[in-house]
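Shared between the two complexes below is chain A, which has chain B as its partner in the first and chain C in the second.
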Partner chain A sequence: MNDEKPLFEVTDLSVKFHTRLGEVAVLDHIHLNVGAGETVAVVGESGSGKSVMAFAALGILDPAGKVTSGSVRFADHDLLTLRKAALDDLRGRELAMIFQAPRTALNPILPVGRQIEDVLARHSDLSRSDRRDAAVAQLASVKITDPAKRYHNFPYELSGGMCQRVMIAIALACKPRLLIADEPTTGLDVTTQVVIMDLIAELAAANGMATLLITHDLGLASDYCARIAVMHAGQILESASARTLFKSPRHPYTARLFAATPRPGATLESLTSIPGQLPDLRQPQPPCRFSTRCERVQPGCTEPGLVLTPMPTDSAHLLACRNPL
Partner chain B sequence: MTPLLSLDAVHKRFPLGEKPGLLARAFGANKPQSMLHAVENVSFDLHPGESIGLVGESGCGKSTLVRLVTRLLDTSEGRILFNERHIGDVPAHDFARHAERARIQQVFQDPTDSLNPRFTAFDCIADPLRRLGATPLPEAKPMSAAAVKARVEEAADQVSLPRALLARYPHQLSGGQKLRVGIARGIALKPQLLILDEPTSALDVSVQAVILHLLAELRRELGLSYLFVSHDLNVVRLLCDRVMVMYLGKIVESGPVEAVFAAPKHPYTQALMAAVSKFDPDSGETRIRLTDDPQSPIDPDPHCCRFYSRCYKKQRACEQAMPERDGKSVHQVACFFPNRLDEAS
Partner chain C sequence: MNTRIFSTIGSRLLGALPSLAAVIVVTFVIMRLLPGDPAAFFAGPAASAEAVEQIREQLGLNRSLPVQFWDYLGDLAQGDFGQSFTTGQPVAADLVSRLPASLELTIVALLIAVVLGLPLGVLSATRPNSWVDQVTRLVTTTGTCLPTFFTGLVLIYVFYYLLGWSPAPLGRLDLMYSPPPEVTGFYTIDAVLAGDWEVFRSALAQLILPAVTLGFFALAPLARMTRAGLLGVLSSDYVRTARACGLSSRVVLTRYALKNTLVPILNTMGMVFSYLLGINVLVEKVFAWPGVGSYALEALVASDYAPVQGFVLAIAVLYVLLNLSVDIACGLVDRRLAR
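Up next is the complex of A and B:
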């Protein structure tokens, strides 16, 4: 990491949800940076709080969720304290998000072209007909064939891959500086998945856009992101360049995650599962929420004050573990 | 060795729209009805104890093929032999009472949707036993309640589902536990063939690893044959002996897992393999990408390769005749130019 301030900075972010069954500490003191033009992945199992982090940062958290500590900074703005009008100016223009499940995220009763126009109507002073041309150009930029015709299509008339392209077209309509992509390829065929990821990477490189990829797929993260943060039960346990993380993971959970993922060259014998399951976050948690599942746990692990700290040898490699590998 | 399951030139076509009415036909408007070719000319043998992986993108006909094998759908053409008996001729609605019904079982894709929410885990597993379970021949009487209970508990033990969970309803179980219930239901009748339809796609990697080990173990211990449908090639490689790659209703490549993975020959298989992550940030291999959408499966041109529109090495010959797999070799490919790998650019 260099000295200049990162574009997007999550500092000490904690989120709690109030439920019938008590308070659930979904995020626990999260730290995450994304530099300008950088590609970063947040990897974790379902329920680890990846999406909640994105929602909290964009101010679209479910009403039951409350930010209890920390800040989210984007360029010169503090997103958590920004007035709603200022936030509305930012979101969709400088800060965009691709949501999970494009078919449900798109408006089912509006032609897809109009949905792209909506963003332009809010954030640009283009005339009606210019907006329309821009929407068609935007559809073409995500490599939809025959964009002028597709402009009039409704989401149900398009395939899953096409809907995802439309989502990308909407998110990138105003050339944002940061794109948060929440599981952008889940549910798509593998061949479509790589085409969509290539497209995001290509457009990001062309516009100098930073990308925060939220995924459960380690392979996808390693293929497309320079840096990976590993999340477990609302905590970031390790963060390093993809190369470092793959060559020498230091956190036991990261190593376990790699060992549990079927990948080329692995055999069934070498595939080991992660013992236990995600902890019940309604209960008070130890400082390291992985410690109940960890085979390297030691008495010191229960002491408070565990923070994500840079490794002495590599300041870009952050780790929150008292007994690393 | 006689195969357990043998498909010979199986086709499935679905008619689309309404049949032309009497008047239309009388006045000579004899435009044939549109047909969706879901499965076309599929032949393969599955031997006892063997595990075959079936891969392909959504909409390629994997599920239709599975339904033909489980006899939930009738074939349009072709023969299906199971234990050397023609089961393809039995109408689907009669197959529920057929003797082979109990020998072919399936684990369904979504562990939640495939369990009856008003059945406890015990009832889910017991259901096939109550319907199809029978004492050994010649009596062949329905199983007694005690026998059903004993078998359910045995099946639960085999899939490492704690017996205490048998009294629970699906919504009280985790995803991994629900899948175990689904697998226990699949093996309760001691089938010979278990069809697994994307069993682990809804699970996290940590749970997936346990289930993959369980499936490998069950196959070894019970001598099951698997037809394993998946889109995750890395999973198929771990669990299967052979793999079949399906594209728009046709098997375009088949062979031993190692051979196909080491040197995929069909351009579609190559694109599939290229899409699989190498889990190595340094691997700078060039990837083959599929642009455009697949061709329509409705009334396809019988003399043009199904993959033609997306193929990177299409030639004149590919739109003049349909390539078929040659039946002799172990590693079969339905492509006219399987060996011209380097002409990709």
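Up next is the complex of A and C:
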């Protein structure tokens, strides 16, 4: 598997935002890859830059954000240098994304079935009536009951969970090779969360689709993904298979994150919070942006040249730390 | 669906009755509170005290206010808006003959504002801080701060006096022509219906300057609201979704962004239309336009009660109908508003 090129590869990606309060280095030389059919999670606190990475890859970054280094490759395409028309041919067809807050992610004044049809009209040669049938079938595939009737509903007539199902139906309408799911269950109640995640996993397995799950929930990530990348303040600190990461996290932040994640049998007292908060990215940052919050910080941590490197014992386990556990 | 629209219209019209009643009372009272004595005005400066008193009696102005109001209500109930002292005509007839002139002017002005304002708003929202945006900002700022009568006078000075491109600003038609046979009361449309192109040209030439004057004023709020609304929608989650799905820029802009901006735009159009009805009063005066605005203004100066009351009532009814149609249009665009 290491020999063939991954389906989706983020290399050395940096993004800066120009704000009224100065320039913010939101992403700092990110590396990440997702193989064909693989399920990968990016885990980190809110504001760590997970969504920005996805938006940059899909070319839907806010105009204030600029990619300052790196590349994003999908199959044989360099997404960051692709012409808009060529990018539009990929987006929604081979590369799709679902968002948090599904209700606001849907057009409020267009029936949901028509929104699926719009994507089909863009990416397929289906006739109008075929598109309509396909849209209804797509609603049925995400297990919406009475799809022919729901086709005519507006987003405000549906629950949050239903809206996320519609969003999934839109994203998967053209059977993409990669789905980027940005906090797909945030704002949904716990039982709906499980149903939605199971639905994504089931459809991904059925279509051989790779999934990049962006979440703040380490538990969710280890339940549904084979591999996890841990992100903090715009840096990937550690990346390994879910099992390895769970059993023997090497980065102090990963260990802290596990200690802060609710798990079966844990009491409220046994959960510990991570000290400090995300650093102010308008200020110049040390090579390791976690060092200001880290209890294992040592003088060497301020030296430049920190990179994500494979562990000698396990080449699939990447780490960026000078004083690992 | 259809029955619901009709019941909505019915309940909205019923709901407007209290406002119309208030308009009737308030205009009646305000007219009587204003200084000026219609009897003295009509008797003329040389009239004796007895003559003034006699006219007052003829006009029914010697009776107590409640009695006058009661008579006024009784007349209104029969569709009688009273008699204008200045024109000697029934007010209702005067309004019916003059309203088309005002409406034609206002509607053409609104059309000019929409045809120019919407594209300017769209261009400046899709290219913020570009030269189009700067031009729009300049045009909307001047449009808002220049008084319409001033704009009108400048246009007359440049296009009639200096360049001579425009006919004399004296009403709806050149004196050479007689009005086309009345169908809609809009001279341009009636001339087309009659197939009389010379009259059409003349009516259009007379219409352009006052309509541009009004349209320039109406352009500003429309362009601004389009820009602001569209900017907000363009940064919305569903536009981001549409882009992430690879939908073409045209589809994203029209089906996803512009359609969602339509509700604030429609509301602004309704608001602007009602502003224009008020501002008409001045522009009609500047261009000697025989509409209801100049009619009411002349009546007001003469303390001629009935035309002013009739004018305010007619505008109020127009306003109610306008708001109703705006709300219905908004409900058709966004079903959440139809409930």
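A few comments on the model shown:
We adopt the following convention: the second predicted complex is superposed on the first by the 322 of 325 C-alpha atoms of A that agree within 3 Å, B and C clash if a C-alpha of one lies under 4 Å from a C-alpha of the other, contacts with A are read in each partner's own complex, and residues count from 1 in each chain.
The rule we apply is simple: contacts are C-beta pairs under 8 Å (C-beta built on N, C-alpha and C of every residue); 3 or more make two chains touch, one makes a residue touch a chain.
Everything numeric in this text was worked out from a predicted model, so none of it was measured.
Taken together through their common chain A, the two structures put chain B and chain C side by side without a clash. Using the contact criterion defined above for the overlaid structures, shared-chain residue A:6 touches neither chain B nor chain C, since it reaches no partner. When the two structures are aligned on the shared chain, A:96 is found in touch with chain C, with no touch to chain B.
Of the two partner chains placed around the shared chain by superposition, chain B is the only one that A:264 touches, whereas chain C remains out of contact. Of the two partner chains, chain C is the only one that A:105 touches; chain B does not reach it. Residue contacts after overlaying the shared chain place A:123 against chain C, while chain B stays out of touching range. By the document's definition of touching, of the two partners only chain C reaches A:62; chain B does not.
Contacts of A:256 after superposition on the shared chain: chain B is touched, whereas chain C is not. When both complexes are overlaid on chain A, the residue A:189 reaches chain B alone and has no touch with chain C. When both complexes are overlaid on chain A, the residue A:147 reaches neither chain B nor chain C. Of the two partners, chain B and chain C, it is B that touches more residues of chain A.
Closest contact between chain B and chain C, by C-alpha atoms in the overlaid model: 14 Å. Shared contact residues of chain A with chain B and chain C: none. Within the complex, the chain A residues that touch chain C are 58-60, 62, 84, 87-93, 96-97, 99, 101, 104-110, 118-119, 122-123, 154, 156, 167, 170-171. Taken in their complex, chain B has these residues touching chain A: 57-58, 174, 204-210, 212-213, 216, 231-235, 237-239, 271-272, 274-282, 287, 289-293. Note for the complex: chain C touches chain A at residues 235-238, 240-249, 251, 255-256, 259-260, 333-336. The touching residues of chain A, counted against chain B in their complex, run 45-46, 143, 145, 159-162, 189-195, 198, 216-220, 222-223, 241-243, 246, 256-257, 259-264, 266-268, 271-274, 277.
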